[in-house]
Amino acid sequence: MIGIGMLVPLLYIDSQSLFAQSAKEEVGISPWGPEDEIGTLNLMSENSRLSVLTKISSGKVYDLSTDYFVGMPSFHALGDPGYLFWLTHTPHGTIVDNPNGLGEEMNKKVSYTGDAISLYTHMGTHIDALNHFGLNGKIWNGYTPEKHLGDKGWKKTGAETIPPIIARGVLIDVAAYKGVKTLTDNYRITEADLKGALQKQKVTLQKGDVVLIRTGQMVHYANANDFLHQYAGISLNAVKWLIEQQGIMLLGADNLSFEAFPAERSDNWVPVHTYLLAEKGVMFIEQIYLETLAQDKIYTFAFIGASMKLRGASGAPMRPIAIPIN
Amino acid sequence: MIGIGMLVPLLYIDSQSLFAQSAKEEVGISPWGPEDEIGTLNLMSENSRLSVLTKISSGKVYDLSTDYFVGMPSFHALGDPGYLFWLTHTPHGTIVDNPNGLGEEMNKKVSYTGDAISLYTHMGTHIDALNHFGLNGKIWNGYTPEKHLGDKGWKKTGAETIPPIIARGVLIDVAAYKGVKTLTDNYRITEADLKGALQKQKVTLQKGDVVLIRTGQMVHYANANDFLHQYAGISLNAVKWLIEQQGIMLLGADNLSFEAFPAERSDNWVPVHTYLLAEKGVMFIEQIYLETLAQDKIYTFAFIGASMKLRGASGAPMRPIAIPIN
Amino acid sequence: MIGIGMLVPLLYIDSQSLFAQSAKEEVGISPWGPEDEIGTLNLMSENSRLSVLTKISSGKVYDLSTDYFVGMPSFHALGDPGYLFWLTHTPHGTIVDNPNGLGEEMNKKVSYTGDAISLYTHMGTHIDALNHFGLNGKIWNGYTPEKHLGDKGWKKTGAETIPPIIARGVLIDVAAYKGVKTLTDNYRITEADLKGALQKQKVTLQKGDVVLIRTGQMVHYANANDFLHQYAGISLNAVKWLIEQQGIMLLGADNLSFEAFPAERSDNWVPVHTYLLAEKGVMFIEQIYLETLAQDKIYTFAFIGASMKLRGASGAPMRPIAIPIN
Amino acid sequence: MIGIGMLVPLLYIDSQSLFAQSAKEEVGISPWGPEDEIGTLNLMSENSRLSVLTKISSGKVYDLSTDYFVGMPSFHALGDPGYLFWLTHTPHGTIVDNPNGLGEEMNKKVSYTGDAISLYTHMGTHIDALNHFGLNGKIWNGYTPEKHLGDKGWKKTGAETIPPIIARGVLIDVAAYKGVKTLTDNYRITEADLKGALQKQKVTLQKGDVVLIRTGQMVHYANANDFLHQYAGISLNAVKWLIEQQGIMLLGADNLSFEAFPAERSDNWVPVHTYLLAEKGVMFIEQIYLETLAQDKIYTFAFIGASMKLRGASGAPMRPIAIPIN
């Protein structure tokens, strides 16, 4: 295993050449080798993690996840299932059904509750795996459906390959920078917005950062229709600056699907998704809850997040936390 | 908010009286007040978290979660659903179905994968919420189905109330102590086993610890039938020692459901569950992956775990991590 | 078993007294005895079925069911799940996954497709079981949740108790009678409408009939939003005439949920449902496809329908057919 | 539309040539044209249906479907989901949750029950669609996944294309012929068995018949493990006789998956499935309930069955009925 100091130059030399290709939008071939499945998360190392952990200055923990509840925002527009929750055992039902065969006296004494859920993997606070969007029939690092996609998902870059993520986190509160509760309909956050907000916050980015961008849209989360309505997002230009100039490792935002619609390119309906996932090997977190961080003006922190290890999946729920650092 | 120093005495005075009652197995009334929903997790404080975080001595991260995969171990014996995973979008299917209405050229260029899952909430590495088992028609702190259980789960003590957990973690490797790969069929771990293993490991418990007990059963996880077969578990006596004498905050084990079967009491089919959840307000983690910690003989660590905020649920997936401490 | 000739008078004497009670809306006690679970479907007998079957005059079969498809109309307004369909095996996926362990050559030769579905039981063409709506904590015939409702549904009146239904069917085409494609928003069909349409159609009802009422709403089925929007339905007055004066056995309509909204009574949000299911023991079919029958002006027919035997369920999909009779 | 009299010769001339090819097991090209999706169900016509309907001599109806219940037999051996049933509304839960926003008084008065299901489409009494098994990357009539299989199933031969089926039905009670309750483990029913049983029953087959074969396995349906254990099935030789010599239209049996295992051919793990579905365009019904027909020795009847119109699906639940004929 080589250190982060060596990888970054390799990556960004390579990124330049990848970028030159990206006018024609092709999947990136990983600088971390033909077996790579996690892209820029390779920037993490024991040293990088220890570095941020030793800067922790508080025991206050910010919970960056939404709840999961029936009726929560979903991708039903593309036919994807909503969140389901159901009870499989209740104290009363156990008495009537006697599923354990132990009879009424036992089941009146031991009050049993069990439940099950169902969800599209891109609901609530979650991370997109690199296979979620590819280009021209391939995904990041050239993996193909022909060889690697079965009925139970991808054999490569599935969500189970995403490691626990510990890194310096930075909140860029664009809504606060603009002085609004939530950005205007379909607003597309620019490189200039990011720079302006960072300057206002007196924060500079570092290579390997986890950058979380606040649009303010999370105030609508309890009402799915409002949350889904004409939300603001991040522009292609802004993410290119973050990736190619700043060398960040992971992204996140508090809206439904990171980028804004309608898409910036006429020949690609999700150009930010394919740029990040397929061309650059950069994952991102959607529907992340940044409200309390923003209220407390906590702009840099230890980001700690470990997503569900859903074998083969294109995304997975994650409940990240933020802990203030010096 | 009062400090942990004050809470512990209150709790354990109270625990003594609760224990006196527990011969007749009744739900506990929380020493943290009539609104309490998280039991002993109240032992956490900013100070307790900061204390363990500042002891972190390594950037090595141990991942304590299983994968989720079709065919993984389940509670089908009680009629609960298995883990389902299915693709909702594939690169090829998107071309044939055209779900976004953008046509073949676009859908050949942008290669889309999406998927959905369904699971009983007690599958894979997960935490049991306090409502999972009650006694005599009530759950922890006296909440009742009549007032608090709707069709979408419990209004009190649902999994969404479980905070991110950061505490000193201790591995008790009983299998290693016994010199076996995995404990014998239906073996019930005793207080003496725990003491012996701790002594061998040269570790002492502290109030507020997260205690993870290794039976070795996880070696069978890839084969559900083997994993479910006659697994060893923890005795009532052992957990009483951990709770009442050691004041630990949270428990965990690497087997299906923490306790061993057949049950120790003839009048209660899950006496360890009801003792912990309903009488004492202590949650626990099941099917936790302890193999690499055990191999590296890491017995004390920062435990960091944040479970899915499933509103109303009796349990939730969690992907905890362990980081070695001084 | 007694003949239909004797039952009808018993029923309708009894119905009168039930009706006297119905001002206060209480569940009906079945004239077919304390074990009855199917209400007026008891009107069927071997004789009644043979009578209609021997009148069949054509081999033309009218299919009265909708398709089931992702995006189809649902009861999501009340939090109920939509229709899900997913592939569990595909020819290509089988080759990649090798689920049978037989290897690539075998799986390239044998091209395997499998799939699964999930649905709220009141989707597509379906019948409501008598337990779907009760009154004051009871359902038809006085069954109670305390004794009869477990976690896997009702022990009484579940959909598995609904027999195959063969009876004289009558289409009442109210939309055609009104000379419209589909009835106006929220229109409530009256007794006079039914009488007028029957007179126009030159059809008289008979005791034991299956009466299917056409609002025209089915023309919107392909677009769920339109289908769900302000649909017309049947009034309380009209169903009372059908049940109490005409002695019909089963009802059906082509709209989402038979009755119109807002409800006619301020103290009951589904008074037609509770009148039919809970007070009178009359089931009904929703979302039934009547378009081709209407086009061909087939007003009387053998109705043959057998719903899925979903144990304990409050409703079940049914694909009824109609065959013209003399 | 041409009449049945013309189709049968066409078919069976064609069948001979198809059969000649079948040594190498290739999908059949339909004699009903390049758009055909239903194979031998094309044998039905208005005349054929009227012919059997006019022979009905009784109002007694035999219900040929199993119940659907949690724990019922499933194809979990191949990773397919079991049957799920869950309550989405209960009288008590509605009071606690108030999903309609109408408050406690209303929800105490109107007692609401709703539920949802999930199932693999090949559970309970169901029919296999022609796409369920293909050969060498194609299905019946040459349709291919490349052109016709999207993420929501097959665009061709999906279960929604299966018409209501009305035809002469014949029970062949092989268990009774052999004088056993249920056939011996893995027994493979031969052409001679079918001939012997028909002779004993004094029944001859006719072109276009629906032939239902009883192994006796249904006596184990309540216990899934027993039902799934080493069941008997139909041999390739026997089905070839039925299709090629007798010209039957549709098949059925009371076991899990019609054919017996291990498979008769070493190069095809489901040779009877591919012979019927892919080579000959003949569908079949699995897990059909024949016990009461057998008890009453009803060997010929009107078969009436209409399966759920699951768009794109490889199979669908069906609740067929049988009515005795002259």
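Brief remarks follow.
Each chain gets a letter, A, B, C and D, in the order it is written, and its residues are counted from 1.
Note that in this section a residue touches a chain if its C-beta (ideal position, glycine included) is under 8 Å from a C-beta of that chain, and two chains touch if they have at least 3 such contacts.
As the structure is a prediction and not an experimental result, all values here were calculated from the model.
Homomeric contact chain B/chain C is classed as same-residue, with over half of its interface positions used by both copies.
The rotation relating chain A to chain B, fitted on Cα atoms, comes to 180°, given as a multiple of 5.
In whole angstrom, the spacing between the mean C-alpha positions of chain A and chain B is 25. For the pair chain A and chain D, the distance between C-alpha centroids works out to 45 Å.
Of all residues in chain D, those touching 2 or more other chains are 70, 79, 81, 84, 87-90, 92, 99, 116, 118, 145, 149, 151-152, listed in ascending order. Remark: chain B residues 70-71, 76, 79, 81-82, 84, 87-90, 92-94, 96-97, 99, 118, 145-152, 155 touch chain D in the complex.
Residues of chain C that touch chain D in their complex: 25, 45-51, 53-54, 56, 58-61, 63, 65-70, 75, 78-81, 84-85, 87-92, 99-100, 102, 106, 108-122, 124, 131-139, 145, 149, 151-154, 160, 163-164, 166, 267-270, 274, 278, 304, 306-315, 317, 319-321, 323.
Contact residues on chain D toward chain A in their complex (touch as defined above): 79, 84, 86-88, 92, 116, 152.
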